[in-house]
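Before we start, here is the structure in question, set down as structure tokens.
Note that the chains take the letters A, B, C, D, E and F in the order they are written out, and that residue 1 is the start of every chain.
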Amino acid sequence: MPEVITLGETMVLMNPTEAGPLRYVDRFKKQIAGAETNVAIGINKLGHSTGWISRLGSDEFGQYVLSVIKGEGVDTSRVIMDVDTPTGVFFKERRILGLSQVYYYRRQSAASYMLPEDLDEEYIASARYLHLTGITPALSSSCLATVQQAIEIAHQNNVLVSFDPNIRFKLWDRRKAKEILLSLIREVDILLPGVKEADMLLGKMDEPEDYAQKFIEMGPEIVALKLGKTGSYIADKEKGRIVEGFSSTEVDAAGAGDAFAAGFLSGLLEGKDIFEAAMIANAAGAFAVTLPGDYEAFPTSQDLNAFLKGNSDIFR
Amino acid sequence: MPEVITLGETMVLMNPTEAGPLRYVDRFKKQIAGAETNVAIGINKLGHSTGWISRLGSDEFGQYVLSVIKGEGVDTSRVIMDVDTPTGVFFKERRILGLSQVYYYRRQSAASYMLPEDLDEEYIASARYLHLTGITPALSSSCLATVQQAIEIAHQNNVLVSFDPNIRFKLWDRRKAKEILLSLIREVDILLPGVKEADMLLGKMDEPEDYAQKFIEMGPEIVALKLGKTGSYIADKEKGRIVEGFSSTEVDAAGAGDAFAAGFLSGLLEGKDIFEAAMIANAAGAFAVTLPGDYEAFPTSQDLNAFLKGNSDIFR
Amino acid sequence: MPEVITLGETMVLMNPTEAGPLRYVDRFKKQIAGAETNVAIGINKLGHSTGWISRLGSDEFGQYVLSVIKGEGVDTSRVIMDVDTPTGVFFKERRILGLSQVYYYRRQSAASYMLPEDLDEEYIASARYLHLTGITPALSSSCLATVQQAIEIAHQNNVLVSFDPNIRFKLWDRRKAKEILLSLIREVDILLPGVKEADMLLGKMDEPEDYAQKFIEMGPEIVALKLGKTGSYIADKEKGRIVEGFSSTEVDAAGAGDAFAAGFLSGLLEGKDIFEAAMIANAAGAFAVTLPGDYEAFPTSQDLNAFLKGNSDIFR
Amino acid sequence: MPEVITLGETMVLMNPTEAGPLRYVDRFKKQIAGAETNVAIGINKLGHSTGWISRLGSDEFGQYVLSVIKGEGVDTSRVIMDVDTPTGVFFKERRILGLSQVYYYRRQSAASYMLPEDLDEEYIASARYLHLTGITPALSSSCLATVQQAIEIAHQNNVLVSFDPNIRFKLWDRRKAKEILLSLIREVDILLPGVKEADMLLGKMDEPEDYAQKFIEMGPEIVALKLGKTGSYIADKEKGRIVEGFSSTEVDAAGAGDAFAAGFLSGLLEGKDIFEAAMIANAAGAFAVTLPGDYEAFPTSQDLNAFLKGNSDIFR
Amino acid sequence: MPEVITLGETMVLMNPTEAGPLRYVDRFKKQIAGAETNVAIGINKLGHSTGWISRLGSDEFGQYVLSVIKGEGVDTSRVIMDVDTPTGVFFKERRILGLSQVYYYRRQSAASYMLPEDLDEEYIASARYLHLTGITPALSSSCLATVQQAIEIAHQNNVLVSFDPNIRFKLWDRRKAKEILLSLIREVDILLPGVKEADMLLGKMDEPEDYAQKFIEMGPEIVALKLGKTGSYIADKEKGRIVEGFSSTEVDAAGAGDAFAAGFLSGLLEGKDIFEAAMIANAAGAFAVTLPGDYEAFPTSQDLNAFLKGNSDIFR
Amino acid sequence: MPEVITLGETMVLMNPTEAGPLRYVDRFKKQIAGAETNVAIGINKLGHSTGWISRLGSDEFGQYVLSVIKGEGVDTSRVIMDVDTPTGVFFKERRILGLSQVYYYRRQSAASYMLPEDLDEEYIASARYLHLTGITPALSSSCLATVQQAIEIAHQNNVLVSFDPNIRFKLWDRRKAKEILLSLIREVDILLPGVKEADMLLGKMDEPEDYAQKFIEMGPEIVALKLGKTGSYIADKEKGRIVEGFSSTEVDAAGAGDAFAAGFLSGLLEGKDIFEAAMIANAAGAFAVTLPGDYEAFPTSQDLNAFLKGNSDIFR
């Protein structure tokens, strides 16, 4: 049974082969993307078993998403293929100057029909961590109920819940997002927000430790606040500090947070302390941004070791 | 003001660069496709002015669709760009042995919100023909109402209505489709069904003239029944016969019926009789199937003349 | 546990994106190909579980081959990833007029080091069929020993052995090939040769039944002799006849025999008689030749049913 | 009628899909490029109407150029399609270290046959600005006469003339270029030179204001001297100062000056003062360099506002 | 020294990666094409040495053309690289139904400035055949003079002249073309016209032998009249008959005549009689049409032997 | 006869069209690469004649490699095409953070069978320089013997030997590599190591001059120690100093050392002193890293002059 189980929607990503406004881009590459499967794949590459609970359309795109995730070694035995609803699709647009966007075609997608009944308690109970994001509750009310039920099951079975807010204002309105995300955060064990997400959820604060302390007061045992290239601020009830990031050439920032989560949970699975785990998380994030796909740049454990040892390609 | 006005949804077409099940196809080319704009573009290429009434999302894909259609010379002054709804998208799948498919992402698209209020009576009144298809009424009830209103306006202003059933069972159920299409057919002047559509609407009959006569009894003045490579059976209240088709190499049949409509209406605009118009329509259809896009293979008047004269490229 | 188990080498296929002599082709598409995994994937698509025993380099190409096959749903739990030897690679060349070729870079590849010790008796014993080809014994003497050992295990556990000669003169010399293939054929239950392979192995005969009878005298219970577009001649000890083929547009013949094997074994797994199984096999072969990859055109059970019922894409 | 009218040649641009010497580049993307239509498209994107006067071959490339420009919303009603002369074509070469080049195939192109008679006085008279460049007079003597005639018409109708020297030594010799450009500059209202062009035309001077003052003495009311990444020096008869530029990642500098012109004229059309207009112009230039095409990266008014407000893509 | 020397223009071919009107084609592949170098390359592939006399621009495209031809083994020691004139470029358009076209950008190209002084008498004198086409005299008067001078040199040195009319009405007017081609035909030893060219030059006749006899009366010793898929009619002063063609799948007919010439001259160089040589020529033509480039599908001697022996790719 | 002769293996390079782990890269571009032909091509571009001694498979890839090198103007008259052994192939993988790799498929390739008997003494004797690398001796013992024999011939004929260690640990073990490379270094006249290679061969030293002096004590007259972006340390028996490098944007470092060697030898051929030659070498290296292929970015003499003069593309 998988060490880490995730739950959420994964879509076909139509990734433009060129940068620029989509009106001018004429070729797209088919890939997949989903915050939760990014994390599952990332943990797998780092040597730990993972499983994914979801729904896909039983159309060609659903088969494609399934085969990629299965091919990456993630357990897909709990994925439901639904003949009546389509697999979600989205388009990326890579522009400069903060104008990049995504265009979703996921309304009433198969995954948006996930139900609490889809959850296999025994399956979840067998894991050490359940990883969730703030995207799923934004998809539909049955998705929200599913997330809540999954947290409930985890708690009853001593499975730790990690949570990445992953705020997406294209999916729901700000007020509702904030309210629900805060209610979920109160129920999780490990919280992995970005600093701008912390701003949005808690209001602007002065220092990373202010956000972390505030979140810890709300419930989570561990908070890993992502600070971009700076690194991350990591805290639990007793201690906290910044763990420095690694520099790399950013091609596409999407997936960096998921790589961070994968690295952090992998570290914890290996018994590392929160600061060591954060260093792995930071390194995984540095890898993640170097390619245009979501998870393709994630490191294997071998890559990570070579990177942390500063190995180079001389004389190969 | 345009000689022919059309009304309907045009989507971004993600066209696979290879044949085969979409799970294996990894690159897509962005194009546009819409039965009604296909007809409008086709008539334009044959030298007559056209206009298109629709709604598009005011997103990058909407801008793209608009610029392509405008670039083809179709009047788009009545197209509404809507900030709240997305432009529809669909994927083609080219397979062998009758297994080809399309995958629509058009539910709640901008065009599905078309309203009778979108129609500018003066604009429609200025045209000689209004061309409609059976796709639009399948999109939503407001779209159906818009089509009915457009027919009403046309009748009140002596604009002839041409209609292509374009049956799409992916969009509505068979019983409802049949009922509404038959009700619309009763109101139109020129009917352009395929023979299998005639089957579906009227039940299986023995001969092309049987379908044509039956349709004419229902209302239309002219029926042009498309028979595939054989050509077409053309009839009005007084006469009818098969007009032979032209052979060409089929790469993608999509758009052939639209080219036929474009050719037929162009012929009528030029004062040709229905059999001459059908010959042009058949020739346009023979061009249309030779490329994978919907309208790119449609002939210009120059192409058509060269083709009908049997001109070849020797000594160029 | 899988219903059918296969054994053999799968390589990265560098597939030219254009036809023509490779000196002029400048772009290649990375795919995978292997006769045995083609069969395993084909059976999977038709609804039955399969497993694959092999060795791959633990390099990027090995990871790729593994993920594709796993993604197709084939059990890869018995595949060994070897750090010391590379994954095999080959290039296809599509030319006209019978000049097409392949260029192998598979000498001393990971798979050529397969050993009898790699075989898990319990795993093989759990299956209903073991499928082998004449390629594996050509790779190395340890591969030949592995094939012989696998047959032995199958026999001891009442697993039926099916065998496709798949003669490759690029891999071994004619005399040795003939001698070893004939020795293996004596040990198998189901033999699936092409008619030219039968020629080469038995000498030229007059009629399909002559070859079939001769082979059956040698050992196999069932012989399915592939006759190209004509179909296949199917026989067991009591009966035999030609089962007609289906016509389709051939783009790349590679994989057709593997699709045939997949269809035939699927038919048998479903309890069909040999002639019914051959009809499925013929249909699968008709699908297989329609795309440039090896297995991408193989039908799903859904495709196969639609095809056999003559379903078309009208009104989609 | 358009607010801004331009006049000049637009060609098909064969844009290499890779950097490097063209002998090694094997794929090209078809686009369009023309300094004047770049400006017209740029102004259109910023919300103002534009028109373009030119000649194109009535060949496939001419149809393509026409449809792109029409699709961008530029009025092309005064473009003449000529059956006897070809549409111009050019190839870009992207190299490092200042070695980039273009290769023109535009001698005796359709546009080089533009005549003063092509000009519709009423059309030009209806505009607020006429934008011209130093490329057109270099194409042929009839093109020079056409430019002179257009200026004459503008002056007689109180249409302000803006002028970008756009020096191209591939098109004419230095001495002749200098003489004619200086004679034209004396007749224009708004001058938009680059600083190296100012050097070439006036001789090396110490400070931006020296060039500006000298030009203003020659005739123009407004001079906007482009200083690259530094920004621009803007002056009229009474005042002058540097307006700082914006930083962005340069992929292809071609089109930056045209974006500047588009931004500057848009600002003036909106009643902004010259320094505000220059800020818009600088921002438009910062967008322009970020993609390999000429105008594809130009901002819409929406983009510009988001950029100037510092909006980012967080939480989309 | 080369056995066969040719003379003429070779251009960069921008070959569309898709069929269809060029207005819609968006990617082009850079290749080279020139009737005379096609022949030179073809003869080289069949095992005989060749040389090419021409002029190229000393720009990137000229370097490219030179390197491809040199890379094919053709002697280019007499090619002049000119800094003042550009290398010619042309675009192919693949359409159906006889509407395919080429678009030349070769006016005042480097090759159009070829001069009689460019010819090295000793070089030409050393060859066994001089191959010329009717394209070169159409390029400019100096090119015509160069062709006439080359023929003169050949005659004085007992070098046989072969000539392919290659009529191109895009390059000159019909009357002038006919007059000059007929004057050249009177001076050549081997004439290789297509049957439609014979029509155009001699007027319509009943039978192939009528054309051949008429040409032989005019001067040539050998006439090889190309009849398309039928094959060719071959005659000298004493005998004549049809040599049957080979069937193959036509993708692009361009280059077929050049392959024919290459095969025919190769046959003669090997001492074969005219009918044997024509069989080789027909086979080379059958290869040539199977790929979109001009010469890439031409056979090597190895290919040709395999083809004529009917070798297939079974068991590779 | 060539001024510089080289000896070694050149392979087909399958170059990924995207960065990232090869498991995810799906398209490859066919190019060629070989350290020695890189040098030969580079010297040719700088205006000096070169020749290459090697073996290639007489397969399509061998023909391709041969035609590219021949097309670049390198004399290939001594290259042996072998029907029994394949042309080597390798794949590049462009990753970030020092994780880039190559994957060789060159074991038992044609070139690995090079023999001392392949060497034509007269050919080598006619050159001014013989350039060798440390790759060839790693390929096989017969390759090592060939290199030793070539040095012997050079010495006997007063041809200077230049040598680039080009250490490749994928090809041999460290101890053997060090031993053989040091033994070869003792026999050469010009040594061109990278500073990390010097480390590996001599042990870590403090300053560039320490390495240079030590090497000069071993035998070579001239040592050019490559220091990356810093430039190079150049020394002979009497003098030595750092020659500063040029900055450029690195896309792919492969080939930089070969460009350096080409520039250095070109400088010496032109009678420049070692520091002037090193400046050319440094400049060539700065060009080389700017494109993904090995030699495509190498400068021509024209490029080099423009670069050294600081020419820019203004006003082209």
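Just so we're on the same page, a residue touches a chain if its C-beta (ideal position, glycine included) is under 8 Å from a C-beta of that chain, and two chains touch if they have at least 3 such contacts.
Chain-to-protein mapping (UniProt): A, B, C, D, E, F = Sugar kinase.
Only a predicted model underlies this, so the values are computations on that prediction, with no experimental measurement involved.
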Common touching chains of chain E (Sugar kinase) and chain B (Sugar kinase): C, D
Least hop count linking chain C (Sugar kinase) to chain D (Sugar kinase) through chains in contact: 2
Steps needed, at minimum, to go from chain D (Sugar kinase) to chain E (Sugar kinase) via contacts: 1
Remotest chain, chain E (Sugar kinase) as reference, centres from CA atoms: A
Degree value of the rotation bringing chain C (Sugar kinase) onto chain E (Sugar kinase), based on Cα positions, nearest 5: 120
Pair joined by the larger number of C-beta contacts - D-F, E-F: D-F
Option reproducing the contacts of B-E, where over half of them reappear, out of D-E, A-C or C-E: C-E
Most distant chain from chain F (Sugar kinase) by Cα centroid: B
Centre-to-centre distance between chain D (Sugar kinase) and chain A (Sugar kinase) (centres being mean Cα positions), rounded to whole Å: 46
Chain B (Sugar kinase) and chain D (Sugar kinase): spacing of chain centres that average the CA atoms, whole Å: 40
Of all residues in chain F (Sugar kinase), the ones touching two or more other chains: 21, 26, 67
Touch-based graph of the chains, sorted into line, ring, star, complete or other: other
All pairs of touching chains, each written as two labels joined by a dash: A-B, A-C, A-D, A-F, B-C, B-D, B-E, C-E, C-F, D-E, D-F, E-F
Complex interface listing, chain B (Sugar kinase) residues touching chain C (Sugar kinase): 18-21, 24, 95-102, 167-170, 196-197, 200
Touching residues (chain side chain B (Sugar kinase), partner chain D (Sugar kinase)) in the complex: 66-68, 70-73
List of chain A (Sugar kinase) residues in touch with chain F (Sugar kinase) within their complex: 248-249, 286-287, 290-291, 293, 296-297, 303, 306-307, 310-316
Contacting residues of chain E (Sugar kinase) [partner chain D (Sugar kinase), same complex]: 14, 17, 21-23, 25-30, 59-61, 63-64, 67, 86, 89, 93, 103, 105, 107-108
